[in-house]
Amino acid sequence: MVNAEKAITEGAAAFDRERPDIYGDAHPRDLLRAITEEHEHLQALANRHVASAAQFDRDQLLQLFRLAAKYEANPDRFLTPIKPLSGKLLISAFYEPSTRTRLSFESAWHRLGGDIMSITDRTTTGIAKGESLSDVAEMFNNYGDCVVLRDSNEDSVMQMMRSLRIPIINAGNGTDEHPTQAMSDLYTILKWRPALLEEKPEDRIKIGIIGVPRRMRTVRSLLKLLSRFPGMIDEVVVIHDGQDKELYSPQQRERLMKDGLKLRESTDLAAELPELDVVYINAIAWVKDDFEVMGNNLKLNSKSPLKPSAIILHPLARGDELCTSLDDTPHNWYFAQARGAVFMRMALLTCMVQRTEMVMDVL
Amino acid sequence: MVNAEKAITEGAAAFDRERPDIYGDAHPRDLLRAITEEHEHLQALANRHVASAAQFDRDQLLQLFRLAAKYEANPDRFLTPIKPLSGKLLISAFYEPSTRTRLSFESAWHRLGGDIMSITDRTTTGIAKGESLSDVAEMFNNYGDCVVLRDSNEDSVMQMMRSLRIPIINAGNGTDEHPTQAMSDLYTILKWRPALLEEKPEDRIKIGIIGVPRRMRTVRSLLKLLSRFPGMIDEVVVIHDGQDKELYSPQQRERLMKDGLKLRESTDLAAELPELDVVYINAIAWVKDDFEVMGNNLKLNSKSPLKPSAIILHPLARGDELCTSLDDTPHNWYFAQARGAVFMRMALLTCMVQRTEMVMDVL
Amino acid sequence: MVNAEKAITEGAAAFDRERPDIYGDAHPRDLLRAITEEHEHLQALANRHVASAAQFDRDQLLQLFRLAAKYEANPDRFLTPIKPLSGKLLISAFYEPSTRTRLSFESAWHRLGGDIMSITDRTTTGIAKGESLSDVAEMFNNYGDCVVLRDSNEDSVMQMMRSLRIPIINAGNGTDEHPTQAMSDLYTILKWRPALLEEKPEDRIKIGIIGVPRRMRTVRSLLKLLSRFPGMIDEVVVIHDGQDKELYSPQQRERLMKDGLKLRESTDLAAELPELDVVYINAIAWVKDDFEVMGNNLKLNSKSPLKPSAIILHPLARGDELCTSLDDTPHNWYFAQARGAVFMRMALLTCMVQRTEMVMDVL
């Protein structure tokens, strides 16, 4: 066993702050150039909760991505005392355990200059005492300026929305949705290839989603966002292990097709991989306090027959469905995905909590 | 089941930031006018712990209410970089679970520009290792500028006070006291009817308290504060279900009567209600990890024979002793009570942590 | 039982903010004078993790102590809006329960103007989902500017160091090391007697360490730091109860001796005490979720035959191995030790997170 002193002697103490990610770290500059600034589309966000990916139209998404890219291109922008969310209070309520999403939101809020109160244990809330969610919402109205909520109970965010007079962001409600994750995913795809927005038929991409749309919230939200940009996508291939009786919830597939998304299903990952431009994998579904793992043939490793230019996305945390041998390859865009998620959330939070005029100051 | 997208489609995403509370939201302006500013009464708070409601005299309470009203009337006052508690650190120690009171204090502290370190799990502290509370207090002396403590152990706050050189606020010690809750309650009554301070005999009010003074900390603290203003009160009727052998702790009733408070007891809520101006209900007493519920006939709902102008107070969280059908009636002052609690705590914290001169800057 | 009101009536509400510690509170001024400012030695810290006490050389330690002394001499120095760590985010990860060390670090970080995200429950992290520590580290890279980690798993800090691109401080890894505690201990000794740095043979001190170097992380780290200053030390006496087969880990004793430290072992505390100038006691070793207590004869109380000028150090929390009757004697330097630890951590954090130029601004 290597103890701390031995690790130090072997030079482990030094680290390189400046080492850029060689892979998956395209500068957001190209995306900034590809989207024209039309901030009026963001004004509608100032008085809206964020519950579902379906509530954003194409124009709003593009302006949010543009703002996220602006933040990512200027990470040191806010070294002034007064920041966009100075004096604003976030109630960070993670009734379902999470570190990744919670820290992502809390980091975004802090970077914008705000303060945070965290609730990480459902049992300390009035809910444990029999308090209704609408009473909890009324309480939150008095204490903060914004709520971020994750709950294995799918219905909590809806119940709270009815009584809240401050905005709430759904950070994951049961297996239903995880809208900000999907926004981060699509933001990453567009940073990778901003030219997709020109929607030239010959440039359309094939996206493979390894997962089950019926019961994986990140997949559910992502499909809704992709259906806002059908002109960029040749097809979406849903790749699964054949275990689920129902791949989709009622009408889920039909509505996506109606919005112009071309969907196909497959159980043969190896056969599909060579044609996929984007491979989205989320084999581990975190459901309540347990998690399920998909079949053994639905893993990615350095032997997988990936298209040379393909990128891999994974919302993380990962298990062995995504092998670490892929980390140092150009396919690795999942670390960039996690990094971009902070800037994506900064963009969304800025618009939701501040008046439009101040959003203009930031842009 | 309504999922997130369905809720959004049905218009739930919009909320009205500007919708005022139609009921229970009298502007604190009237209370500001009713109390003359005499800030010298607040100077004594600068070097005092807050353990019991009994330690405040009438003049101090009036000046604290005045400062709370000033904060409530000017919620955006502190958008400057330097705020009253900038650079000050709160140790928020909730050994007994709470979200409501904890967030109320933390919100107040953040609004004043301070930072917070939270302890929400008693087992992580040295106490679990056998450390004495006086050693914990000595530790706190080094790390923060103020402590807020809630503990099911009634004695903890007293033990810590002996070694602390920074102020501590009792946020609930077993069943003994909860002084800041009582201050918020009385602040709410005075905001509702500032003219009570003129103490005209014909304007005196009847206050009903549904609870057991012996073992409910919010009731114990409130009675002590009410006894500072006997001239405003016709009588206090303690309404209970007859289950407790002792309604009062030794000498509790006698001391309140000696301070001029008129007390009466009753088990017939329906008979008392039509005459009560203020109805205070606290049927659920949260005692350690369990809670007790009072009898079925001690509930309030829209069929209760309330005096038309009566107001209802409840420290919340509530169960079914206070029906939600009362929320949209003019009787509902319990939401205003929760809102005012943040400003009440802002007032108290400002006086305790800052030197008197800086309190003057704020006023 | 004394309730809150009774405590108040007996005058307990008043406290004395200004009462200085009569014992153990020498002003850091003397230490400031004893060390010449040579800030170039601190530049190496800007891109280094802090895993082991062994990674600091004598010059770095002296400059860190000087900076700590500067902070301690000017506690109100940072009342300006812009502070050294303004806008910087700390990830405070205490997978092994702690309040003392966690609050010490969090207080230090807040005093320097930074913000904090806390993880106090290992089970909420991806680790519980099977996530690797290197993925956790990659996540931390995106969210914060510095990590403080305590884990009963000795290896975690090393695993994370490999993937981190932000600095990490080891706040206790199993029984291996606790470098910042040892730095606080040595800082305290030098504040007590800065003249030791002149290394006059006739001024050398005898240090007694009551503990087991093999398995107590605070002792392990302290011995490494003491071995940087062999010229100040006559001898270190390791005092134990004879229960451990092995007092030292392999080569531990040999390496310390090779660096010039003179070590001796003893099981007779009473015989050693009259000659000891510094008595370091750490009889309770917190090992994972349990703790062990050393033998009954290894306690200190007011009857212990201490040298009149001797000082006692204890990393705290303490049990009955260090009697409270010693608190009000001149031997009590353990409270000063805890207080100095915040300034020691402020010094270290400043150097690690800021560029060298900004460190110069602070000095």
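Quick notes on this structure:
Labels A, B and C are assigned to the chains in the order they are written; within every chain, residues are numbered from 1.
Assume a residue touches a chain if its C-beta (ideal position, glycine included) is under 8 Å from a C-beta of that chain, and two chains touch if they have at least 3 such contacts.
Since this is a predicted model, take the numbers as computed values, not measurements.
Of all residue numbers seen at the subunit A-subunit B contact, under half occur in both copies; the interface is built from largely non-matching residues. With rounding to the nearest 5, the Cα superposition of subunit B on subunit C corresponds to a rotation angle of 120 degrees.
Between subunit A and subunit B the centroid-to-centroid distance comes to 40 Å (mean Cα coordinates, whole Å).
Residue positions 81, 118 of subunit A each touch two or more of the other chains.
Listed in rising order, the residues of subunit A touching subunit C in the complex are 1-5, 7-9, 12-17, 19, 78-79, 81, 94, 97-100, 102-104, 106-107, 110-111, 116, 118, 120, 284, 286, 291, 316-319, 324, 335, 338-339, 341-342. By the touch rule above, subunit B contacts subunit C in their complex via residues 47-55, 81-82, 86-87, 89, 91, 115, 117-119, 121, 123-126, 128-132, 134-135, 138-144, 154-155, 157-158, 161-162, 164-167, 170, 173, 176-177, 179, 224.
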